[in-house]
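Structure, as structure tokens:
Note that the chains take the letters A, B, C, D and E in the order they are written out, and that residue 1 is the start of every chain.
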């Protein structure tokens, strides 16, 4: 498949994630949308990695491998964010019994 | 344009490093979903339908259930889930190493040893913090 | 490299210190000693002595700029420790953990200020952000803290997502994560899109308008001690990373983004200053002021000259020292509104005098470091070819005088009984030392900027 | 459209293979229930099912039919969609695991090479892990959707138990991967055919893996999610008819699959011990013999599972968690490091 | 070395004052410091002529192209002398005013003096800007800390006005810096610049705005009456006697020679504004009932005349400006002392509430009348010399076509000044006694002494202005030379 398909796919996923973040009210769903964004990036990176491998394999050793390496790091960071984010959401839930982000407006006053 | 997923399936299904090798998995998924969906529908059609209000109550050993079941529960479970996420990702890091470690030799081993040391640091920390103590 | 390893290891040591030391005082002393060791190690590296030789595969480069900023960040953190480490106790029970998180943030700062690869930029920013999410929410029983934490977290991760997409697109366009790309005549659209996304996400991280909206709420909600740290050292680190990114990665496509950055800087200055004027709480005022100062720091990215580099370092130092100092006093105040400071000068003439120095520095009055740092920015901006932007910036600086001086007015010219608790002699002397440094740097900035070259 | 240019022969070949394997798994699972009752009876000196058919052999059919014909009840307070989704998910994940397992060597049908493996993807072992991990969702969704405190508690327990043991399981596998140097299931088997079974080199690894497999399948002594005396019936207590059947079935399929996986990873897969099958040539019956051998090994494991069930009492929850986190996890890590050192030393 | 001392003595004296807690001691200390400064200033004006004493240069902020260089030339001499003379007079005349936390008050006073000296001495643009702000900030604290009821908003307005204008000036200076070939802030480099006409225009406005606010020139004057009214008297004295001269000084030093073409082309506009300001301020002054505000508006009128003359670009006019800067400082100082005395004694500054003071306080009456004459610029007072020179300067100006119109309008101000000044004199000194002025006592002691000193100076410089003219003579020639050269360049 041409690389453009991959770009379009991951951009679509990414945009879905962005729209979710901007429109949803539930903190967990927002959070999942963010994860979706990250995974769209992962997909794109792997696709690009393969693309650069195909074009540069004769010139460079380990061509395109750094893209996959990056994916690993994104996964790790995403995991760390999950850990922290879920803790925060749980903490908030125990205090407010809600995961609705509308309350965030309260801070303004 | 780069044809990443070469669609000459016969060739790629047997080529393990190609995305084509997932094709049979897809077939299996379709098969399994179809089968299970079919069974679900069949059982839905076959069984008798005599609903009474008592029957549709949640069942808890004959005791009347109170309130919503989905209330906050022990934080320990969340903690385990969160720790799992962290440690699982660390474990994932070992996989590429395990496959390639002969090539990486001793230098790779020392690097992984350092990684394991950090892993253990975190591990000891959570144990010391009592995150894994279930009797409290 | 020294500072990176020292601070990372210090973080781990602090993690375990709570099991070994059962006394809060000894934990605190340990933290101070470790940070001091980090500073000394960093100075060694500035002088060319590196304790560790690790092959970073070109992903990190500890040049003088990075090292100097690391030094500034560490010293500011040290000042923060000296002034506010006791106040960390009030947040919660995990005293030593807060320290270890702070050390990890410092490690993140080192990485994000010395990256040569976008991977390291990403990692540095995240290492620095994630502990901050935790620290923001560390006041567990306080709903405001919780909400601030969630908001910060969601916004931060969202901008991380943008950043990653930007990096991925750049990777697609160039095939490498290493900075210092060269572009052919026609700039690939992927690269432009990636650059824009990175611009947005970095603006998020440094709270430049129009991506600043999370800042006041988060700074307000976080425990005041933490705000003090995140509004200063961390924000400055964000700018250093921002600058490095745009100088090294996008330096070759400068015409594509220069106007945009200029607009961002102007909007940031405008929104930060104008909204700060209307605040009633000193804490919120400082939050907005941090946005407006961010606008000034954006000017460095706009112009990207040697002056901008020196100026950014100086700005980081001046702004951090002054803000940390003000926050250190604010933490101990009973009432965070402007009225809460009424009559402060009468009761604490010494502290009030020092606060005045900090406020003057923030407002950019000459003979303080704040003036010279702003001056460097203006100089770089005019050099960069935009006189209009410079004029706009100084007008906004004049606006900022309004709210900084409001605090001075409260302290000196209004009567009231401001109450402050727990000011020890050591606290006062430390503050005085900070004020001294602020003035010293305002007269002899070369003391700091020369480190960039010699 | 490139995608439609499919070689239809390979499509049908794989489809048939899938059908055979899934059916086999289902049948084995069905008869596992029979075996379980028979073995329980034997160990408790009873006779077990003996009415339906000779020796009660038709009993599983009768059970299945009964489940089919039962009334379908979805409690009012439950989340309807999730309530239906839960058992389906459990079943789907159970059935999907078999996709990468090599059931036998490649056979030759009229010059056409047909591997007895649905797909030999290059990250086979990770695939198994991934799909098995998804199994947690079945339990979790079922327990949550029921809106019953007991179900929910059981589901949460089950989930945290499964994920806890997954860590140790993953780590214990590392040593095997170090020996083999590949993630593909076929190369793991081939490596064992060439170099001897992994269990010889990795007894500790196998032990950890085995314990974890017990926990993953919610088998005694780790069947906390279904601890009848504490939680009524466990996470699926609101379920009836075939949805309940799916849950029960999924567990037996999982048991079967984990038995197969263990055989493959540690006991040579379809390899016949002390025999050099390669010398027999490439006949179609060689593949079948391999398949039978693998099934035999799996049967032995299933028997072991059942034996253990009626021998060892159930753990307490804190004991379970302590065992998983504080003992198995470090043990697996140490096992991995020792393996690495030894291999590196021998290598030089 | 002397130039350095001029700046350092008040600076150090000011800093030390912060730590002297005793009220009497700190007053004495401040007075001592200012007297020493005065002596140094006199020394600088009389017998020190070697360049080493009148110049000081030291490297500082080299990387920014700036250096710490001070210079005492004719223009600086006269203004430094004014500053140095004014301070002891101010301190002595306000000796009896009581201040809370007096040490801070006097410290800030002295710091302001240091800033003022610096402004008048600096020959480096960045340094100039530093001193500009150094003079401003302590002044803000003085006015806000010890002023009247509405001091906080009023002085804040003053501060914001001045600060805003000054940062624009900073931009202007920075821009000039980038035009210099050697990237330097030094005055010489700025003087050597050859800028295009357009550039000169807006650089002119960037710079001039700061000075115009400070002077203040007509539309930018709104801060001034309020600030004068609300500030403590000592601070008002500094503001009106010395600080407004910073604006005039700035134009002479940093605007005219640097952007001569713009000064030429915008001269008419500025002169118009100034003249409008003169008339406007005078008319307002006539209507004032508050004595302080009256003097404030009168000051605007006087300064307006100076700024108009600055752009007439004639030698005689410039000499007038130089002399008048000094004389106006002295005169207004005297007037403020009178106001202070009246306010202290009667508790009010409302002219309508006063009356008949002359009979009970003859000394006050005499001194007041002489100072009033000086304010109207009657002959034999010092102001006459200055104003006469300035009128002649505008009249003979060749750079504007409206010189006669401007002169006539400006001379109108003398008549108006006579109206409001004499009205004030009449209302205060003569007429029926009011209930407030019944127990009037005459002045005595230090105020009397200071007023006499001032009056003597008024008269002496009124009949013998040569010393002042001599000081500035050389400088004015140089200045005109620079401006004229530029005009040649235009043609």
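One rule holds in what follows: a contact is a pair of C-beta atoms (placed from the backbone, for glycine too) under 8 Å apart; a residue touches a chain by one contact, two chains touch by 3 or more.
Chain by chain, the UniProt names read as follows: A = NADH-quinone oxidoreductase subunit K; B = NADH-quinone oxidoreductase subunit A; C = NADH-quinone oxidoreductase subunit N; D = NADH-quinone oxidoreductase subunit H; E = NADH-quinone oxidoreductase subunit M.
Please read these numbers as outputs of a predicted model, since none were measured by experiment.
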Intersection of contact partners for chain A and chain D: B
Of B-C and C-E, whichever chain pair has more C-beta contact pairs: C-E
Centre-most chain [mean C-alpha coordinates]: C
Furthest chain, CA centroid comparison against chain B: E
Relative to chain D, chain with the most remote C-alpha centre: E
Computed distance of Cα centres, chain E from chain A, in Å: 65
Centre-to-centre distance between chain D and chain B (centres being mean Cα positions), rounded to whole Å: 14
Cα-centroid distance, chain B relative to chain E, in whole angstrom: 81
Distance between chain centroids, defined by C-alpha means - chain A, chain C (Å): 26
Contacts with 2+ other chains: residues of chain B: 7, 81, 88, 92
In chain A, residues with contacts to at least two other chains: 1, 3, 51, 55, 80, 87
Pairs of chains in contact (touch as defined earlier), listed by label: A-B, A-C, B-C, B-D, C-E
Residues of chain B touching chain D in the complex: 7-10, 13-14, 16-17, 21-25, 27-29, 31-33, 35-37, 39-40, 42-44, 46-51, 55-61, 65, 68-70, 73, 77, 80-81, 84, 87-88, 91-92, 94-95, 98-102, 105-106, 109, 112-113, 116, 119-120, 123, 127, 132-135
Chain E residues touching chain C - in the complex, by the definition given at the top: 60-64, 101, 126, 129-130, 133-134, 137, 141, 144-145, 151-152, 156, 159-160, 163-164, 167-168, 170-171, 174-175, 177-178, 206
Sites on chain C touched by chain A in the complex: 119, 122-123, 126, 130, 133-134, 137, 140-141, 143-144, 146-151, 153-154, 157-158, 160-162, 164-165, 167-169, 171-172, 175-177, 217, 220-221
Residue ranges of chain B in contact with chain A within the complex: 1-5, 7, 72, 75, 78, 81-83, 85-86, 88-89, 92-93, 96
Touch list for chain A against partner chain B, complex: 1-4, 6, 47, 50-51, 54-55, 72, 75-76, 79-80, 82-83, 86-87, 90, 93-94, 97
